[in-house]
Amino acid sequence: MAISLGELAVRFGCELRGEPDALVERVATLTNADARSVAFLAEERNRRQLMETRAGVVVLDRESAADCPTAALICSNPRATFARIVALLHPAPTQAAGIHPNAVVAPSARIDPSARVGAFSVIGERVEIGADAVIGPHCSLEQDVKLAQGVRLVARVTLCHGVQIGARTLIQPGAVVGADGFGFAREDGQWLKIPQVGTVRVGPDVEIGANTTIDRGAIEDTIIEEGVKLDNQIQIGHNCRIGAHTAIAGCTGISGSTVIGKHCMIGGAVAMAGHVTIADHVIITGNAMVTGSVLRPGVYSSGIPLEESHVWRRQVARFKRLDRLVKRVQTLERGAGSAQGEDDE
Amino acid sequence: MAISLGELAVRFGCELRGEPDALVERVATLTNADARSVAFLAEERNRRQLMETRAGVVVLDRESAADCPTAALICSNPRATFARIVALLHPAPTQAAGIHPNAVVAPSARIDPSARVGAFSVIGERVEIGADAVIGPHCSLEQDVKLAQGVRLVARVTLCHGVQIGARTLIQPGAVVGADGFGFAREDGQWLKIPQVGTVRVGPDVEIGANTTIDRGAIEDTIIEEGVKLDNQIQIGHNCRIGAHTAIAGCTGISGSTVIGKHCMIGGAVAMAGHVTIADHVIITGNAMVTGSVLRPGVYSSGIPLEESHVWRRQVARFKRLDRLVKRVQTLERGAGSAQGEDDE
Amino acid sequence: MAISLGELAVRFGCELRGEPDALVERVATLTNADARSVAFLAEERNRRQLMETRAGVVVLDRESAADCPTAALICSNPRATFARIVALLHPAPTQAAGIHPNAVVAPSARIDPSARVGAFSVIGERVEIGADAVIGPHCSLEQDVKLAQGVRLVARVTLCHGVQIGARTLIQPGAVVGADGFGFAREDGQWLKIPQVGTVRVGPDVEIGANTTIDRGAIEDTIIEEGVKLDNQIQIGHNCRIGAHTAIAGCTGISGSTVIGKHCMIGGAVAMAGHVTIADHVIITGNAMVTGSVLRPGVYSSGIPLEESHVWRRQVARFKRLDRLVKRVQTLERGAGSAQGEDDE
């Protein structure tokens, strides 16, 4: 589909510098774009590519426009405008409604006629599937699952009994929502399973990444609020609550009963203990270790980046001897008569 | 199902403080329980909720009973007693025996008539499935897999050829048991695959979490002993052995040929090297890094919790300059004539 | 299948010390091998087992041969030779060609007659499957996927639209290739999805582990070059490029747009930031944190191994007070008149 720059400017409220009748038909990176492509600049590190681009048009902000050698669509949030242009130029293929003849659907399930159920999916008793929902192949919806309007399960998504998914939520392949939480009582050196009788409630406009797992609650429910974005291979323990519009990057694990506020950004590979509380508007950088609550908005980090191994080993050795170093400093302080009464803990 | 407090006390050997004829029918948290609910107190942090609860009855230990404003079931292990009450009040729905017409079963497979095989599951040649086993939908059991009595595969579990699963073991969706271990020989800068000819033997009463992976052995088998509990998204490399009744929390990765003892507790997101040995009764806290063997029981940790990023960055800078700090202290020691002959390595 | 030591020596170019007519028929570890077994020695730590082995023959290098109490196959790369012997003695069962009657294949798909498609697999429109490819059960190949000759999808592999897989590449169960990258624009405190219009191109002779996820590119493609070996539960973000013959161990996460060179070895549980570049021939040890580019070949590490918790807590406390320690040293230096004008930043 080709569209003119003028129409893009009007549709998305941009100022156009360039020829309104020029046509574009796809998106591309600044480096590889040609005259029929739309590119965008959202990060300072790409400034140089901007200056050399041959794109048909570049979406960018006012300050960057001077460096743009081609037509420009100027707006305040180039990334968001570009997202809309991608959706316009590269629409997802529509999938016909209806239930695949190779799906297995329980008699008591209620499936909106506008919904789609893919091959080899299994729909349990009393499941409800809303209008325009798309269930890809190999999905399993146990009894009493409820999908609101427009939910999309790409493929091979497992929703255990009673799980509720809000409108327009998108779940990538391999995700498991509602498996048992990890709850056991210790008795005579063995583990006795505590049946997990809560479920999972996921709000609208959520995205859940590939192979991400969200456990059902032990007694009450695990909650994912509206607009939350979860990347791949995230683990969310039982009875967590993730606040609205929080985004979490891949490989992060969140132990049970932890509550994360709204509008947080949690990096990848973060390890978060259970029963902690994270305030709204907290940013935690990748690979951080969270063992206690974070009660004020801000940016938080831990983790020490790599070094050449021989340097790193020496640093670790120093670290392991810090205690001794402190004692040596104390000895010097005593000798200098400068001992400040510090026992340093 | 409603049950009287008196019957609960008798069944589970508790002392009842309260009206034996009062009825309860579900479990709830201390905060949200009503007069028909059973709650429990197992952690000191919930003491305040206990004092304000409106539960029909609370399961707790003798010391806490004085703070309980409602009926109490007093026992020595409230968490274990509560686990049994949950199982009584919230029984899992029973699933009819039989092989779903949409399953594919090899002619040489032997499936006990009391077992269940779900829709779209694939049962390979010479597979043996014991009494009362439940195979959910989308499971794949390759040739020569053996499931003992009462095994339950919730859904979408893949067991590769020859894998053996002990009685009553429960496997959550997305788990893969018996995929190839990561074994290659380097030759001329390329990797030559070493075929993995061992398999995986899982003992009885094990639980394996959602999307957890356990690799088959290279030559001999990978072993998970009885009563082991594995949370979600755990990776266990080839030829590991996990000792009986050890519990491992989510996102932990264990490299090949590592041997973990019995009755250990391994936290979440622990990274464990290969070829190490962990003794019995070792506790490793979450996010720890294990590069060598741990030969004595005890509690072990590593990892430094997060700080505000600007503070953290300063701490990392100090860490990276520890070497220089040590040299400065040495200089001072020499000046003070107190040099203790310490070269600090 | 039994084979003589003489034939093994000839086939694999080894020097044989021992009786050429002796027969072996399986592989085993040094410890458990019997007279009909082949074992190998590749690591110094197994020297003791070598000296006590009862194997029919041991594959080892010239320096170790003196310690071998049984027949020996001497070669320069025992691990590689052993890999070939395993493949010879334990061939994978061949699977008949053809499309399972319970597979669903789109009319426009082109499947080579020598390929196999397993039960309950779904093959989308315009998919191309090359000669001798094996698609196990429960696989889903969305539209326009291309598999070259000899690709093997063990079971339950999801390849999203347009994904290309090179010849002989092996993908373990649960892997997801081509799910949406994690790309959003922030607008008014919410996240707007950026449609991910790139795909994933995987080269020949790659292995992808169980439950590993590789996201499709945002605009251009995510690339896995030839001979790359990926262990289980690895996450690779959108627009990464992994260089030829690089091996990555389990649970490692690589954020978007990161480029890893050729012939690298990345340990398990490594957390790698986005937009970084790793040179060729870089080795990164397990659990390292990578926040910036690594531009020179070498061995790199981070992460501090565990200690008994009470010791560890003390070390962390010292670390958190490093700033104060530096100030105390500065005070001493001023007192000693030795202040070197160091403000230590």
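We call the chains A, B and C, going by the order they appear; numbering starts again at 1 in every chain.
Simple rule for what comes next: a contact is a pair of C-beta atoms (placed from the backbone, for glycine too) under 8 Å apart; a residue touches a chain by one contact, two chains touch by 3 or more.
All figures in this text were calculated on a predicted structure; none of them were measured in a lab.
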- prompt: Chain contact graph: line, ring, star, complete or other?
  reply: complete
Message: I'd like the angle of the rotation relating subunit A and subunit B after CA superposition, in degrees, nearest 5.
response: 120
Task: Note whether the interface between subunit A and subunit C is symmetric in residue numbering, meaning over half of all numbers used appear on both sides, and answer same or different.
output: different
- prompt: Counting in whole Å, what is the centre-to-centre distance of subunit A and subunit C, each centre being its mean C-alpha position?
  reply: 25
- prompt: Tell me, which residues of subunit A touch at least two other chains?
  reply: 102, 120, 138, 156, 174, 211, 233, 251, 303-305, 307, 319, 322, 325, 329, 332, 336
Message: Touching residues of subunit B toward subunit A in the complex: what are they?
response: 27-29, 32, 45, 77, 79-80, 82-84, 86-87, 90, 92-93, 100, 102, 118-120, 136-138, 154-156, 170, 172-174, 205, 207, 209-211, 227, 229, 231-233, 245, 247, 249-251, 263, 268-269, 286-287, 303-310, 312-313, 316, 319-320, 322-323, 325-326, 329, 332-333, 336, 338, 340, 342, 344-345
Query: Can you list the residues on subunit C that touch subunit A in the complex?
result: 102, 104, 120, 122, 138, 140, 142-143, 156, 158, 160, 174, 176, 179-180, 182, 184-187, 189-195, 197, 211, 213, 215, 219-220, 233, 235, 237, 251, 253, 255, 271, 273, 275, 284-285, 288-292, 294, 298-305, 307, 314-315, 317-319, 321-322, 324-325, 328-329, 331-332, 335-336
